[in-house]
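These are the structures, in structure tokens.
Below are two complexes that have chain A in common, paired first with chain B and then with chain C.
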Partner chain A sequence: MEQKLLTLVVAGGILTGLCAAPCLAADSATITVKGTVGSACRLGDLSSSQIDLGQLSNNTDGTLASISGTPSTTITGSWCNTGSKIIIVASPLVAQGFAGAPSSGFTKAVNYTASASGWGSAIASDTTLGNSSGAESTSHSGSQTLNDPEANAITVSLSSFSTPASGDRLVADSDYEGTITVTLATNAAGSP
Partner chain B sequence: MLKTSLAASAAVAAIVALSSPVYANNTSATITVNGSVGAQCSMDLTSQTVTIPDITGSDGRLNQAALNVNALSGGGEFWCNGANSKLTLNATPFKNASATPSTGFTNVVNYTLSGTMGSTPVSYDTAAVGGTNQDYSVGVFDSTNPTGQISADATSDRLIAGGYTASLTLTLTPGA
Partner chain C sequence: MTRMAFSKVVSSLALIAMAAFCAAQATPEQAIVRAIGSVDQLCTLAAPQVNLGGADNIGSVAGSTVNIADLSDDQTLSSRATDFDVTFAAMCNFDHRVTVSSDRGGLWHQGGTTVPTGFADAVPYQAAFTWAGGSNVLNANAASESEVDEPLDINRPAFGDIVIHVHVDQGATNAGAGAPLVAGTYEDILRVTVGAQ
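And now, the complex of A and B:
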């Protein structure tokens, strides 16, 4: 009986010696790392923020001249990381210094179509609707949606110049001015 | 342990906040389109001769009605596109330059030229300003076959026989 007791004490001593340091059972942990990417679009930089069309009238009869070439500017470095919508809004070229309404047969406005291309395969375009005084009675814009993320250059070009009434002469003014606004926005409905 | 976990969560939240996209979801650019239109004027009329039959009556005095003609008849289109355009008019009286009148006779007939260029009334009296330039602000206008009506001044003198000639010069000057 005494011998058995000693044996147990020795065995206890051995166990004590093996676990002199903290002795824990094997274990594991899994850490989950999460992140998010917000939907974003960024319109890049304009090669030029101004398009100068020069002399607009015909020197022989004072009507709208034929605008040579396709006036344009480029926006480089644009991207969207989700579906997007490109919107273009243009306003007519209007004589800034000419006061009041022009006489019959004359106009102080030139209309045109502004187009944004290169953002996907579709072209967003908007045509101005100015009357002879340059006023527009209805709002308008052009847009296109793109379902996939896109990174590309956008070309903004002008075409289809016209006067409110065919054959109108343009009033003299050193500054005819219009604006084109291009907006790039995320389009959640088109996100992949 | 719970305390440690809360501290770690706070740290992760701080990192997420720092690394969130800094781009706006909507971006736009505005492009200015410019052009200009120079001031112009034009008229179809380059020169015209109006021939008037005998301007005297049976008493040898002026038949005023005979001189009442439209000097710009069939002159075509006149136009200017500038707000500061002007018409300059210079007219001389009817005159028989080869004659020297004696008492009771005259070799000159004055008249008033009147009309409208666009919406601008024009009146030129040769008795008052004959032979000098008179300016009229006509602005932006477009007139087709405007009227330049001649109305002779009355005179009690008899007219010396011969040819009588008057000259009217119209000049349109563009101004923006």
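And now, the complex of A and C:
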């Protein structure tokens, strides 16, 4: 884009020079140069594409363990040059190798709240709603909008882990897995 | 070239540039993060609880030891009918096996007493157990003084109580029904194991 505009300015100068000597003694030509910057958002790179929570159950009674700290990963180098909307959608951690529904009192799913913070002052968060088999009967998501351009890191963190029913025991499985999808888009309503 | 011509060139370039930016705006950016974890295989088994309600011929319970009030009948000197239940709170979060074992295969006399002909030195018993909708019976028949085991496979996670009903038949001995028992202490250890199949 910058190269194209520069070419036009140079060409204008040459034509003005050529016309000045053989033509009128005083003349002028103006060239209006315009450019536009479209709205765009860019999500940067993940510091890690997975958050490993380790052992999910405690070894005394098989119920959900207390997950220490706030497991997180960071998306660095994100920006939007206009108003934006950040959306987060999470799915429960579900035992991938356990076939069928678990026995009564057991669960093959762990729910949690996923949050995206650092993009403006508000936090977008979404809480999963899986039943003991991991199925969710309603769709859900969390979002927040920002009216101004922003360039910042986004931290994706997990918290508030729970089982579908209080006291559920977790079935054994070496692979519990859920996904968190973060979407960053321009928000026309919030554009300056 | 005239100014008009310039104007046309500039206008056409500006339109091209705007079209390019409109295309970029329409595509939201996405990042996907996987959350992962694991749950180890785990079985738990609590200390036994002896249920004295409904028990028959039980003297006392001390910890994990059940003392039979009178193993022999005063009149026949053979064994007396005895019943009691013992429960173990348990949990396994995977397909598992419960095994009930008798260390000696019956209630055997303690010590090296010579057993006169016609007398008995062991009392057979049964331990019927239920767990997670399944059941089995350990038959400690006192045929020989050796360990006997009875497994029960459960192909799902389960939690609750393993209930064992121990029963001694009236007059049951290793020398035939109604044989008198030699004097002394009789003992066995009933063992419950939960784990992988």
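In this text, the second predicted complex is superposed on the first by the 168 of 192 C-alpha atoms of A that agree within 3 Å, B and C clash if a C-alpha of one lies under 4 Å from a C-alpha of the other, contacts with A are read in each partner's own complex, and residues count from 1 in each chain.
Simple rule for what comes next: contacts are C-beta pairs under 8 Å (C-beta built on N, C-alpha and C of every residue); 3 or more make two chains touch, one makes a residue touch a chain.
Since the model is a prediction, treat every value here as computed from it, not as a measurement.
When both complexes are superposed on chain A, chain B and chain C clash. Of the two partner chains placed by the overlay, chain B and chain C both lie in contact with A:A185.
Contact with neither chain B nor chain C is seen for A:G69 once the two complexes are overlaid on the shared chain. After overlaying the two complexes on the shared chain, residue contacts for A:T32 are found with chain C alone; chain B is out of touch.
In the superposition on chain A, contact of A:G105 is made with both chain B and chain C. Comparing the two interfaces of chain A, the one with chain B and the one with chain C have residues 35-43, 46, 49-57, 59, 61-62, 71, 73, 75, 93, 95, 102-103, 105-106, 110, 112, 156, 158, 169-186 in common.
The residues of chain A lying in touch with chain C in their complex are 1, 4-5, 8, 11-12, 15, 29, 31-43, 46, 49-57, 59-62, 71, 73, 75, 78, 90, 93, 95, 102-103, 105-106, 110, 112, 114, 156, 158, 169-186. Chain C meets chain A in the complex at residues 1, 3, 6, 9-10, 13-14, 17-18, 20-22, 24-25, 28-42, 44, 91, 93-94, 156-159. Contact residues on chain B toward chain A in their complex (touch as defined above): 16, 19-21, 23-40, 42, 79, 81-83, 118-119, 139-142, 174-176. Taken together, the chain A residues at the contact with chain B in this complex read 35-43, 46, 49-57, 59, 61-62, 71, 73, 75, 93, 95, 97-99, 102-106, 110, 112, 156, 158, 169-186.
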